Every structure is written in structure tokens, then in C-alpha cells.
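Next come two complexes built around chain A: one with chain B, the other with chain C.
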Partner chain A sequence: MNRRQAAAAAAVLVVLALVPAFAGTYQTQLLTYGLTLAIAALGFNLLLGYTGLLSFGHSAYFGAGAYGVALIMRYLGVSSMELFIVGGIICSAALAALFGVVCVRHTRIFFAILTLALSQVLWTLAYKFFWITGGTDGLRVPFSKLTLLGGLIDFPGADAFARFITFYYYYVLVVFCVCTALMWLIVHSPFGKTLQAIRDNETRARFLGVRIWRYRWLAFLVSGIFTGLAGTLWVPLNGLTTPDVLYWPQSGKIVFFAVLGGFRNFTGPIVGAVIFNYLEVYAIAVTEYWQITLGAILIVLVTFLPSGIVGTAQRLSAKLK
Partner chain B sequence: MEIVALQVLNSLFYAAVLFLIAAGLSLIFGVMGIVNMAHGSFYALGAYVTAWSVGAAAAALPPAALFVFLLLGAISAAVIGLAIEPTLIRPFYRRQEEYQLLVTFGLLLVLEDVIRLVWGGTPLTASGLVDSLGLVRIGGLPYPVYNLLMIGVGAVAALALWAFVYRTKFGVLLRATAQDRRMAAALGIDVGRIYVLAFGLGCFMAGLGGAIVVPSQAAVLGMGVEVLVIAFVVVVIGGLGSLEGALVGALIVSALRTITIQFWEEFELAALYLIAAIVLLIRPTGLFGRKA
Partner chain C sequence: MNLLRTEGLKKHFGETRAVDGVDFTVNEGEFLSLVGTNGAGKTTLVNLISAFLLPDSGRIFIGDRDITHASVDERIRAGIARSFQLVNLFDDLSVLDNVALAIFAREGKTKRIFALAERDAAVTREASDLLGEFGLGGKSEARAGGIAQGERKLLDVAVAYALRPKLLFLDEPTSGVSTRDKAQIMDTVSAVVRGGGITAVVIEHDMDVVFKYSDRVVVMHEGRFLADGPPEEIRRNSDVAKYLLGIDV
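On to the complex of A and B.
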């Protein structure tokens, strides 16, 4: 990271830290959603941007994190967010490890179809086994039952919502910063460089003695854990998890985050996720037909601006210099 | 015993529909090398056009004449496909697969909402077509003649497609283009025309699949995506790009679905996806697939 990037990151962090002081509860809540989704996008992009694998099934890991929390709360009576995070990571890691073994043997279109098919298996299970998962009603994870920082902070009473959003915003912000820093280290480590080498030329990487499958599997695992963590953080905010989080449009959204921001940039997916979240909320408010808007934006993006918002902004600023 | 016979017929009816969709998907992939994520939406389009036109004309026309509208559904899907390929899809042949998937995914989102915009959220039915043909007794149990007829339509479509691809001059050009686009272009084949016609034909078949299914079950929102994922399962089992594979895959998937619905309803879809995953593990190119 050079000095300019560090300064920019610090500036963004200061702005983010000040948001609850200026914005109302609703805006803070929206941004919290955006930050959780950004973690999912970061994880997803380790596969698409850095390993060259397009997953159409990341809803599975997001849902594993979300359902992990809901099931732990329902059946084990746990209320500590830290334990939820551990549980969510274990669930999504186990799932990604298992699905990864199957998926990384393929690339390109077969990888995409396989990830899609496997995520749909989970969706049908969550949908059909309603006596465990609540079926279409889903499972509730009310914030009033939640405690943060090992029980130090809890939110009793009916009017605790605003307080919850403020605390939870900072909680998510810290996790988000840790995740971003971690992902930065991963993609700039020898491991990350090897993934990029596999992406750019699989045959050469193989000749250099790289064990392709093992690296892809590890990338898949890390990617799944990040996305699962996003699902874990998302659930208390949403208060409910339904089979929708496992269904293919959720995977489509995660793909959208990365393409919107630009998947060849480290920050692209983060920017894409946050902007997408606003886009979705306001587009739904304005029109019932927001899918058409999304679809049109996606077509325009991949046709004319394949480097996404961040990539295009970088190119424009380079031109101005 | 009669129940088994009926279940076999049900399974064949479903296989006919699945074949039409999966063969179109496979044809487009085989010729152009793109996987059309919006393929299911063409199926839904065929279903909606047929249901809507049958509903609008039911009072004015005799029931037998309404069967024309099955063709109308298929043709509408084909016309839209013919318009979309040169404008939206064509710039993507030279680009990476990720972008091809993404642009057709965008198309899927748009088409799903266009259907909602035009026909709204209420399901449309065309059950008059099924009623008009009445029932036939199979070993004492009643069964709709319509389904039998449509099994026949599926079989005829499979034969016609085979004859078209393997016995006509256009089929030769099609296969030549699929094997080596640049060589075909160098030999004077108008590749652009082959592509647009192949895409249109694929959409026509998807639309026909939707049209023949809609009299027996309503046209609902989301039907396109549901069928897309199952069509993926079919082509993955049969082999992406292979028409024989689409036929065998459709028969396997529909038989499996009928059996699981009968005995283990909760696992109906899960079983299908698992089978696809297992086939990909053991035989990545599917039962009839070529080496990529």
C-alpha cells in the first residue's frame, strides 16, 4: 500500500466512523446493510477477480452464515454475537470445504453451473424441511435477544432499536475493516499472487509446480468464509432469515456487486455492494419493476464499462492528469 | 399397474417439455459457445403468449382452432430471440465467458420484469385446450388426451430437429460453424446469419416448450428461472452442446422427478441437483458431451 492509498483509506474510515453522528437511524441502518454485503462481495471477488472463477452459488455460504446463526439461537439458546460469528464461520467453512472439493475440479461455465446447482440443493432443503428451518416463514433472529462484546452490551426494551443500530453499525464497521485488511494481505501475499498466476495462465502455473486444485480449493474456502461471515452479520440486522437468502437471485446480487464496482479492482466489489444496496432500496421505493432497471444496468455495464465504477473512475482520473 | 402406466406417461410429457427447452439451450451453446441464462425466460414468454391469446380468443373461436396459439407462443419467442441476438449477444462472442454469462443474466432480469409488466402477477391459464380434447381411459383410469398428443409433439420435434441438423444443407452449415467458426467463415459461410438463425431456433423451441406446458399448468412468474435450472441439470447430464444428450437427459431427469415425487417428495429438486453434481464429478462432459 503506498502513501496515497493509505491516506485515502484513512479518510474513508474517518468519514465512515462519523456517519452515525450525522445520519439518522435509517441511513445508518442502510449503510450497515451495505457494509455486510461488501464483506460478501470481497469474499466473492477472491474467486472471480483473483482466481478467475465465476461462482453463481455464493448464496449458499451467505445463507449458511445466516441459517447458522438462526439455528444456533433457536436450538442452543445462544445470544452472544461473538459466538454467532464463530458458529457462522464454522458452518460456512464446512460447507465451502465440502462444495469446494466438488466445484474446483471444473472451471468456466461448468464451475458456474455446479456452484449454482449445489446452492439450489441447499435452498430446496431449507424450503422443504420446514420443521427445522421454518420453511418459507424462515427463522427469526430478533435484535432484542442479541448481546455484543461477550454480553457487555444488550438491547432490552421496545425502544432499543436506535441504540442497537448505532452500536451494531460500529460493530459491523470494525469487522468490515478487519476483513478488508485481511483480504488485502491475502491478495498481496504469495498465496494471492499464485492465485492470480493460475487465473492468468493455468498451464504455466502448473509447469511451475503449483498444485492448481489445492490453491483453488483454498481460495474457495476463504471466499466462502468471508461470504458466510457477511451472512452472519446480516441476520440480526434483518431480524429474519428466509430461504430467499439461499435462492439464486441472492447469488446473482453478489455477482452484481463485483461487476458494478469492477472486479479487477480490490475496492471495486466494496463500492459495488454499498452502491447496489442504495440502488435496490431506492429503486424498489420508486418502481415495482426494479429488476428491469438492474438488468439494464448490468447489460450496459458489461457492454460498455466492463471495468465497473471503480475501474472507470480510475481511468478517467488518469486521463485528467 | 395402471398407476405406473400413468406415471410413465406423466414422465414422458414432462420429458417432452424439458427436451424442447434443453435442446434449444444445447443448440445455442453448441453453435455459438454461449450459455444463455435467459433461455428459461423464452420458455416463460411462450407460455404467457399462448395463455394470453387463448384466453382472449376462447369466446370467438372453436376449441380446435385454439391450438394455433401454441405455435404463436413459439413464434413470439423466436421473433424476440431473432431481435436480441444481433443487438445484445453478438458483441460478446469474442469476450470472456464471464461477460457472456453476465449479459444473458442481465437479459434474464429484464425479460422476467417485462413479463410482469405486460401480464401482471396473476397466473394465466389455458386449460380450455386440455378440456376440449377430453379424457381417455387407460386401464380404467382417466388421462387427458392433450398430454398424449403433446408427447407426440415432443417426439416429432425431436425427429424434426435431428433431420434438420443432420439431413439438410442448413444443418451442414450449422455443424460446420459449430466446429470451426473461422474456417466456416473462410469457406464463405455467412456465420452471422447462421448464428442468428440458430439462436432463433433455440428460442422457438423454448417458446414451444412453454406453449405446450401452459394448458396443463398455469403460466406463473418465476417459471422461467425454475425451468432454467432444471434445463441446466438436463444438459449437464446429457452433455452441453449435444442434442442426443438433451433427449436422454430429459428422459432421465423427468423419470427421476416422477419417482422422487412419488416416494420422497421433499427431495424432489435436491435429488436432481445432486445427480447433476455427481455426473459432473464422474463425467465432466456429460453422457454425450464432446471434450471441451
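On to the complex of A and C.
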């Protein structure tokens, strides 16, 4: 990271830290959603942008994180967010490790279809095993039962919502910053460079002695963990998880984040996730045909801005120089 | 001393006998050229030795070790590296990263996930030095996909060379470049490879290049060896003149 990039990151961080002071509870809540989705986008893009694998099944890991929290709360009576994070990571890691073994020996359409199929299996299980998962009613994760920082902060009573949003925003912001720094390190590590080499030229990477599928599997695992962590952070904010988070449109949304922001650069998917969240919320508020609006945006993006918002901005900025 | 030996190596594609029972030896320290017309079986032979293809029958030894059934990475660990006929690079990575990646792979460092690649001073220094040797020092930060064809050819060789192999196969390192670039590439490659004490097998069509740089020349025709000897002997060989150059002596 050069000085300019570091300064820009610091400026963004300062702005993000000031949001609750200037924005209302609703806007802070919206941005918290955006930041959790950005963590999922970071994870997803390790596969798409850096390894060249398009997953249409990342809802599985998002859902594993979300259901992990809900099941731990319901059946183990746990209320600590830190334990939820550990539980969510274990659930999504186990699932990604297993699904990864099946998927990473394939590429292109075969990889995409396999990831989609496996996520749909999980959705069906959540839907059918209603005595465990709550079926279509889902499982509740009320914020009033949640504690942060090892029980130091709690939110008793339904009127503590505004306080919860403020604290939870900062909590998510810290996790988001840690995830972003970690992912930055990963993609600039020898491992990350190896993934990019596999993406660019699998044959040559193989003839450097790289065991391709092991690296793809590891990327799949890391990607699943990040997405699972996003699901873990998302569910207390939403207060409920239902089979919808495992359904394919959720995977489609995660792909949308990367396409919207641009998947061939580091910050694109983050920007894409945050903007998508606002787009979806306001499109739903404005019209009942909100899917048409999002579909039209996707068509415009793919046709005219294939490098996404950040990629296009970078290109324009380079031209102006 | 034999560094590489094949015994009765065979690869057929349907009716085509691409490699037909070849006994091939490469001696330690030599700069060997493998020549022949298109379809003679040169690239197939290299593909078999480097595990890009599996043989129908026959055996391959590096030193005394039978590597016939060894995987690509086992052969790389045994000391075999190769470049490709069509330039095979990581186009979106920088020139430096292309070479650094080969060094990371050689050193078993590619699994390092929580360390910045650029902070590995030893690897960065070695990659920079190597690029300097190949005359690419000024292109370190350029995208590999954005440099000139002659430079890409050199980088292709540099990436394979960075593995520090015992035996380096170079598949047509001068194809698709101008006559001027050809000489420059071969001067550089020959100097670096000989300077590094690496045994090299070069597939080449240009006989001027072959006779100028080789210690030994092996000529292939229809999947078999037609001739094998020092350049002067090959130059005088009537079969080589007939089948390779189309001159009836």
C-alpha cells in the first residue's frame, strides 16, 4: 500500500467512524448492513477476482454463519457475540472445506453449477428440517439477548434499539477493518500471488510446481469463512434468519456486489456491497418492481461498465492524469 | 555423465507415431538442440519428459531415478523445468512477480498467507538480479502482458530458469521474433544458462541458431532420431540435409 492509498483509507475510516454522530439510527443501521455485506464481498472476490472462479453458491456460507448463530443461541443459550463469531466461523469453515473438495477440481461453468447445486441442497435442508431450523418461520436472534465484548455491553429491553445500533455499528466496523486488512495481506502474500498466477495461467503455474487444486481449495475455504463471518454479523442486525439467506438469489446478490464495484480490484466489491445495499433498500421503498430496477442496473453495468464503478473510476482517473 | 535418459519412449496419437521408441540421453552441462521438421515429435518428446503428456510405453530416468510415473511437481523437484512454444506467462502480474513467483515456488514459500510477498527481501533481490541477467531489469514493474514479444520470450525463459533446474527445456525460445531479436535472445539465454551451469535442451528450427549455440544436436524425423552428434557432424550428415533441409546430397 502506497502513501496515497494509506491516506485515502485513513480518510474513509475517519468518515465511517463519524457516521453515528451525524447520521440517524436508520442510516447507521443501513451502513452496518452494508459493512457486513462488504465482508461477504471481500471473501467472494478472493475466488472470483483473484482465483478466477465464479461461485453461484456463496449463500451457503453466508447462511451457515447466520444459522450457526441462531442455532447456538437457541440450543446452547449462548448470547456472546464473540462466541457467535467463533461458532459462525467454525460452521462456515466446515461447510466450505467439505463443499470445496467437491467443487475446486472443476472450473468455469462446472464449478459455478456445482456451487449453486450444493447451496440449494442446504436451502432445502433448512426448509424441510423445520423442527430444527424453524422452516420458513426461521430462527429469531433478538438483539436484546445479545452481549458484546465478553458481556461488557448488553441491550436489555426493546427500547435499547438505538443504543444497540450505535454499538453494533462500531463493532461491525472494527471487524470489517480487521477483515479488510487481513484480505489485503492475503492477496499480496505469496499465497495470493499464487492464486492470481493460477487465475492467469493454470498450466504455467502447474509447471512451477504449484498443486493447483490445493490452492483453489484453500482460497475456497478462506472465501467461505469471510462470507460466513458476514452472515454471523448480519443475523443479530436482522433479528431473524430464514431459508431465504441460503437461497440462490442471495448468492446472486453477492455476485452483484462484485460486478457493481468491479472484481478486478481490491476495493470494488466493498464499494459494490455498500452501494447495492442502498440501491436495494431505496428501490424497494420506491417501487414494487424493484427487481426490474436492479436488473436494469446490472444490464447497464455489464454492457457499459464491465470493470464496475471502482474500475471505471480508476480508468477515468488514469486518463485525466 | 547422463543427466537424463529415456528408454523406448513411445507416444502415438491414433495412427500418428509422434514419438516412436526413442532412446534419448542428455549429458550433464551440455547445451543440446533438438531439431526436426514440424510434426517430427520434438515437442511431444519434451511434453513426455516434463509430464505434460503420459507415455504409452517406455521409461524416463533423471540420474538413476525412474520418473516415468512421477507427477509434474515431482519432476520439478527432481530438477526438470521447461518453457513453452507459445509464451506462457502470468500476464496480469508484473514482470518481477512472474519471476518472484517461480522463486517462491522453488523455496516452498507459496503457501505463506500472512506475509507480504514484496517484503521478502531475499526473493525480491534474487528476482531483480535475475531480470538484470536477462536484460529485463528496466521492466520489473511493467505488466507481463504489456511488454514486447522478444522480452516476453526472455521472461518465459527467466521464469523457468528461476526454478534453478538441473535440466532446462526451452521450446522454441526464438519463435515469432525478428532476426535481430533472435540473436539477442539466444546470446542472453546461452550466456545465462551456461553461466549458471545448467544443462539445456533447446527445440529450435533456425539451423544458424542451432549450429552457433549447440554443443550437440539431435535430429528427429517422424518420431525417431535421425542423427545425433556435434554441430559439424550434423552439418555434414546427408540424411539431415535430405529430410530436414530438403537438399538431396
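Just so it is clear, the second predicted complex is superposed on the first by the 321 of 321 C-alpha atoms of A that agree within 3 Å, B and C clash if a C-alpha of one lies under 4 Å from a C-alpha of the other, contacts with A are read in each partner's own complex, and residues count from 1 in each chain.
The definition used in the following text is that contacts are C-beta pairs under 8 Å (C-beta built on N, C-alpha and C of every residue); 3 or more make two chains touch, one makes a residue touch a chain.
Here the structure is a predicted model, which means the values were calculated and not measured.
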Chain A: partner with more touched residues, chain B or chain C: B
Partner chain in contact with A:Phe207 - chain B first, chain C second, else both or neither: second
Partner chain(s) touched by A:Leu185 [first = chain B, second = chain C, both, neither]: second
Which of chain B and chain C A:Gln196 touches, first, second, both or neither: second
Partner chain in contact with A:Gln120 - chain B first, chain C second, else both or neither: first
Contacts of A:Gln5 with chain B and chain C, given as first, second, both or neither: neither
Chain B versus chain C as contact partner of A:Val302, first or second or both or neither: first
Partner chain(s) touched by A:Thr136 [first = chain B, second = chain C, both, neither]: neither
Chain C-contacting residues of chain A that also contact chain B: none
Touching residues (chain side chain C, partner chain A) in the complex: 50, 52, 72-73, 76-77, 81-82, 84, 88-93, 97, 100-102, 104-106, 109-118, 120, 159-160, 163
Complex interface listing, chain A residues touching chain C: 182, 185-186, 188-194, 196-197, 199-201, 203-211, 215, 218, 222
Complex contacts: residues of chain A adjacent to chain B: 48, 54, 56, 102, 105-106, 108-110, 112-114, 116-118, 120-121, 124-125, 128-129, 248, 252, 255, 259, 289-292, 294-299, 302-303, 306
Parts of chain B lying in touch with chain A, wherever the complex brings them together: 35, 88, 91-92, 95, 97-99, 101-103, 105-114, 116-117, 225, 229, 232-233, 236, 240, 265-270, 273-274, 276-277, 280-281, 284
